[in-house]
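Shared between the two complexes below is subunit A, which has subunit B as its partner in the first and subunit C in the second.
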Partner chain A sequence: MLVKYVMSRLLQMVLTLWVIATVTFIMMKAIPGDPFSNEKKLPEEVLRNLYAYYQLDDPLPVQYVHYMKNLVLLDLGPSFKYETRTINEIVAEGFPVSAQLGAQALLVAVVAGLALGVLAALRQNRLLDYFSMLVAVLGISVPSFVLAPILQKYLGVEWELLPVATWEGFASTVMPTIALAAFPLASVTRLMRSSMVEVLTQDYVRTARAKGLPPLFVIVRHTIRNAILPVVTVLGPLTVGVLTGSFVVESIFSIPGIGKYFVESITNRDYPLIMGITLFYSSLLIIVNFLVDLAYGWIDPRIQLAKGGK
Partner chain B sequence: MEKLLEVNGLEVSFQLDKGEVQAVRGVSFSLARGETLAIVGESGSGKSVTALAVMRLLQHPGRIKGGEICYDGIELTRMEEKGMFRIRGAEIAMIFQDPMTSLNPTMKVGEQIIEGLRWHRKMGTAEAKARAAEMLKRVGIAQAERRLEQYPHEFSGGMRQRVMIAMALALNPKVLIADEPTTALDVTVQAQILELMKMLQEETGTSIILITHDLGVVAETADRVCVMYGGQVVETGTVNECFRQARHPYTWGLLQSMPRLDQPRDRELQPIPGSPPDLYEPPQGCPFADRCPYAMHVCFEEAPPETRLSDTHQVKCWLEDPEAPPVEMDQPFAW
Partner chain C sequence: MEPVYHPRFQRVSRSRPAMEAIRRPRVSYWRESWRRLRQNALAMAGLITIVLIAILSIVGPMLSEYEYNEQNLQTGRNLPPSAEHWFGTDDLGRDVFVRVCEGGRISLTIGLAAAMIDMGIGVVYGGIAGLRGGRMDEVMMRIVDVLWGLPYLLTVILLMVILPPGLGTIILALTVTGWLNMARLVRGQVLQLKQQEYVLAAQALGASTSRLLVKHLIPNAMGPILIMLTLTVPSAIFAEAFLSFLGLGVQAPVASWGTMINDALVTVLSGEWWRLFFPALFLCLTMLAFNAFGDGLRDALDPKLRK
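So, the complex of A and B:
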């Protein structure tokens, strides 16, 4: 049953990617201008040769079919801007950096968020609760492009604790990680707190206490696991947030990740790069969401994936 | 009979923003070894709170304000929380009203039985598993080994209550507190569960405190009865005494509001008019005075003293006063 479910999900994933690719292709072509219109006026002849070389003079449907063919072969094509490099190379080079930053931020957000949420729920309406709610409100309302320069000014420039904007060694990753983790951390904290507060009043928690189990035991075995489900639910969207957030954070800290290329690719109308990064991130998100769905079934046995549940 | 559990003048209150709710006001009762004591009363009479207080499971803002709970010579009200970990589950176990919500939905049933055994008895996994399977068999669950690996949602309501009972009795507790164990179940399943509890009690000699509002359940299973009203015990006695020679008008009311087979079919049930007292400001007199058809002036002024009718039968009612007019229940319970 599970194999069948996984197969049908994989098929859905391919379909989703195809739709994304098509829509992105159409929107991208709808933007006025082309990769070579920004540069200083090129002679007609040269332009025509460039168009021919990159097959931009073909009718759109032909271009579309051509692109899709290459896509199936996992060839994302050459970059128009970085002429010596293919999209595959750019992604392969930038992704490890982005992945490290994103993974660090998610890890911090989930671990610290869960811990703060649990502690807040256990100390309801007391100092620790108010503190974590303050963190949550700040994290949600202060955008990363405000938080990042503040961190740079104090931690980097004034107190000289951390490097301001490089990507060398662990110390340089601390500030970008904080800036990127703030929002998801806040969301996880809030969600975990309310979920824990609800679970703590459940009958089965009373049953566990009535068994004579010590409090830590009851909390770890009977509440956290049950309370964590809503948090797992938002892990998908949170990953999206971290990804899109990384575009901004990577620019602010001049980190050589994919985010930087993505922003540039749009202003440059670097068609293959736009397509490539969009599809790369889309696949990543689709996979994350799929993993989250699988995790549900593992955490809550009442959710049966194979029997049509989603 | 030897007293196993003695509760004396227990007072429990909940400190809320609006004021203090005095949920239990001076409740006393005792429980002998191997005995079944039923605590009956309507919702809000303080029965469940009393039970939770005995387990020391009251949640903030509830707290024990006064009185004593003496279990096997140990005073529980002043015991440290750490000490309670050895008492709860191992000495005094509890099962709850709603078996649908009382089991952890994300944990295998076996796990939930085993964790208590491991914690209290320091059993290894294999030994605890064997004991859990044995308990499931004893509560009448077939294919016990397979069932241990299942989750609560794979069990019906009655089966879940059986699991709860197996879980509670796995550690051979001396006292089992059953808080409305059959209320959430079908009538046919109710009878099975009561039968099971009776059978297991005979096998193990466990004392049971049965909390219920169902007099049918009481008649079937209990040795003695405590009738609670407005946070107090208004009448206590053997089942016989409370059903046939009841002296408190509230007990009469309870008996008359119950359908009976020996009455003409067109006879209407008589509900008790009015509603229970507000426990924010409990009445200074008898809590039932407001709803009592026989209430006298004194009933509103002063709390009635306890009258001993026999060694086992006590009642708190001014009608027992020598100066009160003689009153009897309209239709004595022919049982």
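So, the complex of A and C:
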């Protein structure tokens, strides 16, 4: 059953990737111009050679097959603007930076969100509960591109606590991490609180308390362990949010990650780079979602994976 | 028994004939929900805020003598808020108040339009898939599953890069994959509801598929649909602001909260706080209001879900 489920999810994943790749290909061909007809006039022969080299003079179906073959071999092709570099190089350079920032933000969001959610549920309708709900509400309604300049203004410019826009050392990662973590933190807090509140009313929690187990033990072993499950399901969507959020956060704090290149490529209308990064990130997210789904079935044996997909 | 006098208890007056009556005035589902919603202070505050922002967006530009694209490069650049310019002016001498109102018009239009279109497509698609079932449902939901894998904002960005800029394009891009949520929700609801006896009865009387959907299934699934509709609006507004912030949304000189915030990023150093503050405030308030109202609506329409 599990094998069958994994296979069908894998197939679905490949189909989604194929849809994205095909759509990006059609879009690239639908836009007038190509990587070399852009600005400076190249001699006719050079142009023809370049076309032949990148196989841009082939009929479209041949180009499509070629493009797909390159994608399977993980080659995203050349960029318009950064003429000496391929998209692969740009991704390889920017991704470690983006990944570090994204991982930091996710870690902060999950750890702080879980803690706030648990405490809020244990102190329902008390000050701490209201505080964490305030954090949750603000995190959901204040977009990262509003939070980021506010942080810059106060923590950076006015009080001079943190560097405003560099990428050197841990201090420079603090503000971007906060800006990026705010939204997922709020979601995790909300979800964890409501999930905890529900589990706390379960019979087995009362039984555990009644037989005299230490309160902390009941909370950790019986409550948190069960309440944490719904949070695992949103890890996929949260990663998506952190990734898309990183576009604006990286460009606001001028962090040399993929997001900054992506925003620049949009401003420059550097289509191959836009498509390449979209494709790269889409694939990454699809794989993350797939892994989260699998992890969920593994963590919670009650979930039947075969039915979970529908 | 001793009568209880306590501020938290109140005496309910009883009249004998009313108690004996077989029928009482019926409290419909919607009336009951509205009563619950009205008691939820946060949700009502959200609703009132939405109405106020909508009124301001419509009336605001009429109150001011300035136009949203009217520049004053000589004397009017970066003026702080005053009686003349309520929210100050930007680096091109344009009135920030009028631009914030214009941005409100665009945000609300896009939010509402995208949510309505998502609902339209989702209800029809999910309704048909759920009602027909079998092979048709299988195929339709596989298509949804494949599209579901596409990251929402990335797809929207990709479409915006290709399509010519404009309000219609934004709405189109937001709805291309936005309806999937609604389709899944409606299908699930229909699958549940079609087990009910009244649906069987209607079928036995020869009701057509469309009649079943319109007369029986959709009205009964309206609660969850409305909740989803309300919660789609803030995410569409956020997506528009995000796109405009990236320079992919509405094009200059048209004002949008996202573009205004992006233009105001330079003020972090130069200190014209009003250029960032007002559009950011209105964007956050709108999202907050819709989220609060949507949450309240969920509690009111579906007390079982209340947590």
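Simple rule for what comes next: the second predicted complex is superposed on the first by the 257 of 310 C-alpha atoms of A that agree within 3 Å, B and C clash if a C-alpha of one lies under 4 Å from a C-alpha of the other, contacts with A are read in each partner's own complex, and residues count from 1 in each chain.
Please note the rule applied: a contact is a pair of C-beta atoms (placed from the backbone, for glycine too) under 8 Å apart; a residue touches a chain by one contact, two chains touch by 3 or more.
Please read all numbers here as calculations on a predicted model, not as lab measurements.
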Superposition on subunit A - do subunit B and subunit C clash or fit: fit
Superposition-derived angle with apex at the Cα centre of subunit A and sides reaching subunit B and subunit C, degrees in steps of 10: 70
Touched partner set for A:Asn289, first subunit B, second subunit C, both or neither: second
Subunit B versus subunit C, judged by how many residues of subunit A each one touches: C
Partner chain in contact with A:Lys260 - subunit B first, subunit C second, else both or neither: neither
Subunit B versus subunit C as contact partner of A:Arg206, first or second or both or neither: first
First (subunit B), second (subunit C), both or neither touched by A:Val240: second
Minimum C-alpha spacing, chains overlaid - subunit B and subunit C, in Å: 5
Interface residues, subunit A side, partner subunit C - complex: 12-13, 15-16, 19-20, 23-24, 27, 30-31, 137, 140-143, 145-146, 149-150, 152-153, 156-157, 164, 194, 197-198, 240, 243-244, 247-248, 252, 263, 266-267, 269, 271, 274-275, 278, 281-282, 285-286, 289, 309-310
Subunit B partner contacts - residues on subunit A that touch it in the complex: 202-204, 206-214, 217, 221-222, 225-226, 299-302
Touch list for subunit C against partner subunit A, complex: 141-142, 145-154, 157-158, 161-162, 234, 238, 241-242, 245-248, 258, 261-262, 264-265, 268-269, 273, 276, 280, 283-285, 287-288, 291-292, 307
Subunit A contact footprint on subunit B (complex, rising order): 55, 57, 84-90, 93-94, 96, 98, 101-107, 115-116, 119-120, 151, 153, 164, 167
